[in-house]
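Which chain is which? They are A, B, C and D, in the order written, and residues in each are numbered from 1.
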Amino acid sequence: MTPSEASETAAGAPPAPPSALGVGMVGYAFMGAAHSQGWRTVGHVFDLPVRPTLAAICGRDATAVRAAADRHGWAAAETDWRALVARDDVQIVDICTPGDSHAEIALAALAAGKHVLCEKPLANSVAEAEEMVRAAEEAAGRGQVAMVGFNYRRVPAISYARKLIESGRLGELRHVRVTYLQDWLVDPEAPLTWRLRKEHAGSGALGDLGAHIVDLAQFLAGEPLVGVSALVETFVKERPLPGGAAAGLSADTRADGGRGAVTVDDAAVFTGRLASGALATFEATRMAAGRKNALRLEINGERGSLAFDLERLNELSFHDHTEPAPSSGFRRILVTEPEHPYLEAWWPAGHALGYEHTFVHQARDLVEAIATGTGPVPTFADGLQVQRVLAAVEDSAAKNAVYTPVPQPTD
Amino acid sequence: MTPSEASETAAGAPPAPPSALGVGMVGYAFMGAAHSQGWRTVGHVFDLPVRPTLAAICGRDATAVRAAADRHGWAAAETDWRALVARDDVQIVDICTPGDSHAEIALAALAAGKHVLCEKPLANSVAEAEEMVRAAEEAAGRGQVAMVGFNYRRVPAISYARKLIESGRLGELRHVRVTYLQDWLVDPEAPLTWRLRKEHAGSGALGDLGAHIVDLAQFLAGEPLVGVSALVETFVKERPLPGGAAAGLSADTRADGGRGAVTVDDAAVFTGRLASGALATFEATRMAAGRKNALRLEINGERGSLAFDLERLNELSFHDHTEPAPSSGFRRILVTEPEHPYLEAWWPAGHALGYEHTFVHQARDLVEAIATGTGPVPTFADGLQVQRVLAAVEDSAAKNAVYTPVPQPTD
Amino acid sequence: MTPSEASETAAGAPPAPPSALGVGMVGYAFMGAAHSQGWRTVGHVFDLPVRPTLAAICGRDATAVRAAADRHGWAAAETDWRALVARDDVQIVDICTPGDSHAEIALAALAAGKHVLCEKPLANSVAEAEEMVRAAEEAAGRGQVAMVGFNYRRVPAISYARKLIESGRLGELRHVRVTYLQDWLVDPEAPLTWRLRKEHAGSGALGDLGAHIVDLAQFLAGEPLVGVSALVETFVKERPLPGGAAAGLSADTRADGGRGAVTVDDAAVFTGRLASGALATFEATRMAAGRKNALRLEINGERGSLAFDLERLNELSFHDHTEPAPSSGFRRILVTEPEHPYLEAWWPAGHALGYEHTFVHQARDLVEAIATGTGPVPTFADGLQVQRVLAAVEDSAAKNAVYTPVPQPTD
Amino acid sequence: MTPSEASETAAGAPPAPPSALGVGMVGYAFMGAAHSQGWRTVGHVFDLPVRPTLAAICGRDATAVRAAADRHGWAAAETDWRALVARDDVQIVDICTPGDSHAEIALAALAAGKHVLCEKPLANSVAEAEEMVRAAEEAAGRGQVAMVGFNYRRVPAISYARKLIESGRLGELRHVRVTYLQDWLVDPEAPLTWRLRKEHAGSGALGDLGAHIVDLAQFLAGEPLVGVSALVETFVKERPLPGGAAAGLSADTRADGGRGAVTVDDAAVFTGRLASGALATFEATRMAAGRKNALRLEINGERGSLAFDLERLNELSFHDHTEPAPSSGFRRILVTEPEHPYLEAWWPAGHALGYEHTFVHQARDLVEAIATGTGPVPTFADGLQVQRVLAAVEDSAAKNAVYTPVPQPTD
């Protein structure tokens, strides 16, 4: 499907499914590998109106990108993302680069009539994200689809949790509490990579882990955060310069003895209020010894509660508060039944899925959105909303934790 | 032991153990029952220098207090706490009344030369608590002991957790996160008792549950909170007036249709910093559907982490971060070994203790403190420190969550 | 209540509650301490028609028994159990001695018109147990009560599990699986105490742990085992002779180097069929490293399932198979609600009980049985049934695991 | 690699890796889908000496097999497995059919010089399995590889558990207990499919689930079962005839009212002894309401213990009994570290794998075995050993649970 075809069909009837969907992916590190697995697998598991093909992959180093294309199963390799965007066999541009290049690539891809899938965070600044939203809204008029990659929404247990909340099983919400705990920076001798410098990474745990939990909180609650109060901390203020990375750091950032300053947060804790008045608490850290990927959330409502832990992603805990007290309790639902979201296409009940399946599900949902002409979620506007929350968190932390409103779409 | 005897022996050698320790308890509701079980049991389980006796119990209603004395095993009953304090057979005054009477009774008991055990919170205001600390310090010079009843410190798993931290197994601390979740106010039709009116109860979840978790955080970390940022919320703003309680509420607090305003918090969330720079998060609520007594805490340090849940109080989770990664993980320690705190006196390994055992342990530690002349913990000063934190939480909440320093003892 | 009074009132109307219930306890080791705690506490927690008193305790060593009386709160001490049985102030004889003396004491106590509580196992042989049942049945005609001390039936979660099964929540039963895992014999250098010699202890893990799980399986299922197939094993065949215990072992049991033969089982595994046709599996061992008191059971029925672990005795897992699959799962019921068995008398919801509370509940149920003239459970006949299962297990193990019928009461 | 090439290089040096490895798969139901995912993915994740290709898939229904080829990504489709075996582009024959055709296909494939991967159980009878082992041993002399598909050995947690046991962390083993609990036959109205008729399926839960747990027990322990005692049961003896399946059932199997007899077991429970003397217990059932895929195992040794649950397949519980008791306990190892088996190729620590990854790992290990000329495990001989255990279980069950020796390879 070309954009012009899409715009012709946008009014009234759903569009005819495109006859081909070539994917062009920019970036081939961790996220690139995960997305590749998603694109490779989706057509062999789900019934799709059209199967995506792995058309081309892009990276700056010609040798490395060719090796990545071979490893991950991409038909062609490019070293310039503009060339990738321009390819006729690319209908979807999948952006897996660091956040500082998201806006430029996404804007160009949308302008070129492509559908876009952009990794989170949507951008490194609210201004960039706003520009991306405007471009996505224009492109939507031409039948183009733009989606941001908050893949955890597509853990079946999370999708199912949203269904339970949407159908009123929790009633009015009172509490949302979410932590995302990792421990890979506990060692003070872990080197000062670019991820620990603000000019490259934007922020630390806040942008990396905090973006996920803010999105999940708002997605599950079905309502936005309206204000936040935050504290952030950098526990290890200097780290040894790595051999390679040292070259990328300016001289003034170096301390004595081959050490340099860490300029992003190690951890962020914040509280907030949702639009309904529910209270929310958040914690994002890379300093929680023993916690590897502990994205844990609990939501309490007037009629029930839900709890989830990404380290046990096939399970959802649900308490139905309308049951008689003596026989009630949090039940451990194994979210592997055919009635659960996405599960019909997979294995029999009780057979676990893993982390990477979220990318298969993301690919499916994007393809369905393109084929049916229905809007994909999360939209770029959803990504912008998360950016606004993170910006408010940073503002609050800079002002002694004072409660800081989050600008709303209608503001 | 009379106070004068105590003061004579205070200098130099430890005092001779008192020949008798009569307890006089004021109040006989939930806490009274729990303390009674502690006093009745302690001498039959622990080897004590002197066994306490249940000398007298005090309450305003003569019939009720006599019934309580009979039920709980007290030798005598009084209807005036001043008479109880004055009794010759009472050496320890155990204060189990609501917080607004703590100061008056404790001051009188200390002035009368008695040892004092005072339920938490120490008082309803910082000013009262400060006066109590001064009185306790003077009394200490006369060999009297004053202790505040933060009984959860005496869950064996908590005592053992403190030992692990004290011995350096966690290294420098990074994170303390504690929640105390209950659900008995989830139902909006639960009646407006005195506990939900500020003039009687002081505060809501904050004072009741928050006091426990602030004390535990500081006790386990071994350092005070230096500042906090807080949000509080009352989700259900009006509740039906109860028949009996309505009488105790002034006319102006009544709303139409037999409902009245809730004037305390349903929930409080706050963040803070410990003296060492570690970040802390707290949540206290009575609106978490399905959570009955979920006092959950986790502490992360540079060398390890600990986790605990009061609903599984015989267990402690410990992660040793100095172990090789592939075989490391949070271990579930069943804190029932003879080497664990208090356990030598109880049952064989694997045989669970319960909630009430904390009161037996409290009784033991108080008796030991009196007999050996060593200071008991938690002291009134510890109780005051908790009050200061709670006051800072209330101040912060009143000022849009702004970060609010906690005055320190040396301030 | 004297027996003659009881027999007069046995026909027709319930008897008047006895005016006094003095307890005389034989034995003061681990079980003696636990029973003492039960007797001391029960009248201060439950509303009883009459409060039991701790009249006298009995042991062979005069000094030791006097110390035990003082420690545990008994009014008098005896060194001859016949003297204890004969005391006028003793209406209940509580037998906490090793199994080889149960029959003699119980028979004498019943003959003397006393109520009897006898620790499990009821006896060391089926023949003795049969005689005890006959004596208990005769005594019942005189208004006397005889109960066997399977205290785990009185863990609230177990009592509640029985209620769920009784009310049909599990439907027809398919599977019962129970393990009782401990680890105090893992160390091959643990000494050869009398517990490891058949002439003193009767059997090893089978009689000690197996008796509990056979009783629980039959109690919960509400039906007897009709046949079993068993393997038993002694992993450590020789152990060092202990200093003190060596004296009690005959010369011919000693091996070279101060070691002696272990003549009881370390572990027993067995399968069986219940009367309804459900399959059952059992494992009792003291060699499961890391398991301290892991009495774990799961029962599966056509309409639901239950699971329990004694190391988490305040919890019961329940799966309701009649619910829609997507939202069903094992729920963790915190068995601390006032509606749960025994809980009304204790603490607010969420406040854990422990191991020793089973003895308080046992005391309550015995007192109620005596006062109301209703039969107490478990009866001596229940104890006999367990003995028959254990005897069948031993027979099966001796015959290469061949399926061995369990004689039924009607056989 | 052709077989002749392989046989030339078999002596002395490792063979040169084959230049191409085409896979031909027979069967395309559940196992076919899972194996396809394994073959499709393995070359994109692991560094392999040669990447396998999905050459051809085979099934009897021409339309269905063509659709399956398209869905699962196979280059060609065949309707006759003999034609598939004969294809030049097929070097590996992957047998995913029901057990009654395993022997015939495997023997033909080995005779044709192909490598073979055969799903479990290896065959429906010990005699067939013995013939397959002989053929595999002959083929090994020609450089061919034959492997049986016990995929659960390749759950990283299981592989790692084996490493811990192999390195002595558990010491001498005492207990192995394994259950495999499912619930898809709880409903008595579930239809009588071919799986419930002995002539088609061989056995019920025993062959399907029991085969897995017998293999895992022997694999982890590193030693064979030497004898077993068993009970089996069919709880629902008649089930409604399904529309389609009824055609495949002979007239004499039908009962009144459109119901037919179930002729396989619903559940099997058995005990046994390992070569070292350790005791083992097993339970396989499809009637455990609420258990979806509960393959749970625990192994206790003199120095430590391990526990695992397939419903939480990224976790392994490990207790180190050599640690000081007060700080020891079962630790929950998240088996997602790069040092863990297979994990280096996947995602960062803490990112869960799922059920299907076992098939990717199986494909990798088979390719490595072919390329390096080292024997693959589990071999056909391992599969035969499992068949011998299952046959002994059936013999024992038929003879009233009598202990039945398992013939050993050297017998």
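A few notes on this one:
Assume a contact is a pair of C-beta atoms (placed from the backbone, for glycine too) under 8 Å apart; a residue touches a chain by one contact, two chains touch by 3 or more.
Note that the structure is predicted; figures quoted are calculated from it, not measured.
Remark: among chain pairs C-D and B-D, C-D carries the greater number of C-beta contacts.
By residue number, more than half of the contact pairs of A-B reappear in one of the listed pairs A-D, C-D or A-C, namely C-D. Centre-to-centre, using mean CA coordinates, subunit B is 56 Å away from subunit D. Separation between the centroids of subunit B and subunit C, computed from CA atoms only, is 37 Å.
Per-chain Cα centroids separate subunit C from subunit D by 43 Å.
Shown for subunit A are the residues that touch two or more other chains, namely 291, 319, 328-330, 334, 349.
Against subunit B, the residues of subunit A that register as touching in their complex are 174-175, 177, 179, 181, 183, 186, 188, 229-231, 233, 235, 266-267, 269-273, 277, 279, 281, 283, 285, 287-291, 298, 300-305, 319, 321, 328-330, 396, 400-403. Every residue of subunit B that touches subunit C in the complex is listed here, in rising order: 30, 34, 36-37, 40-41, 44-45, 71-73, 182, 184, 291-294, 310-314, 334, 336, 347-357.
Interface of subunit B with subunit D (complex): residues 160, 164, 318-319, 325-334, 337, 339-340, 349.
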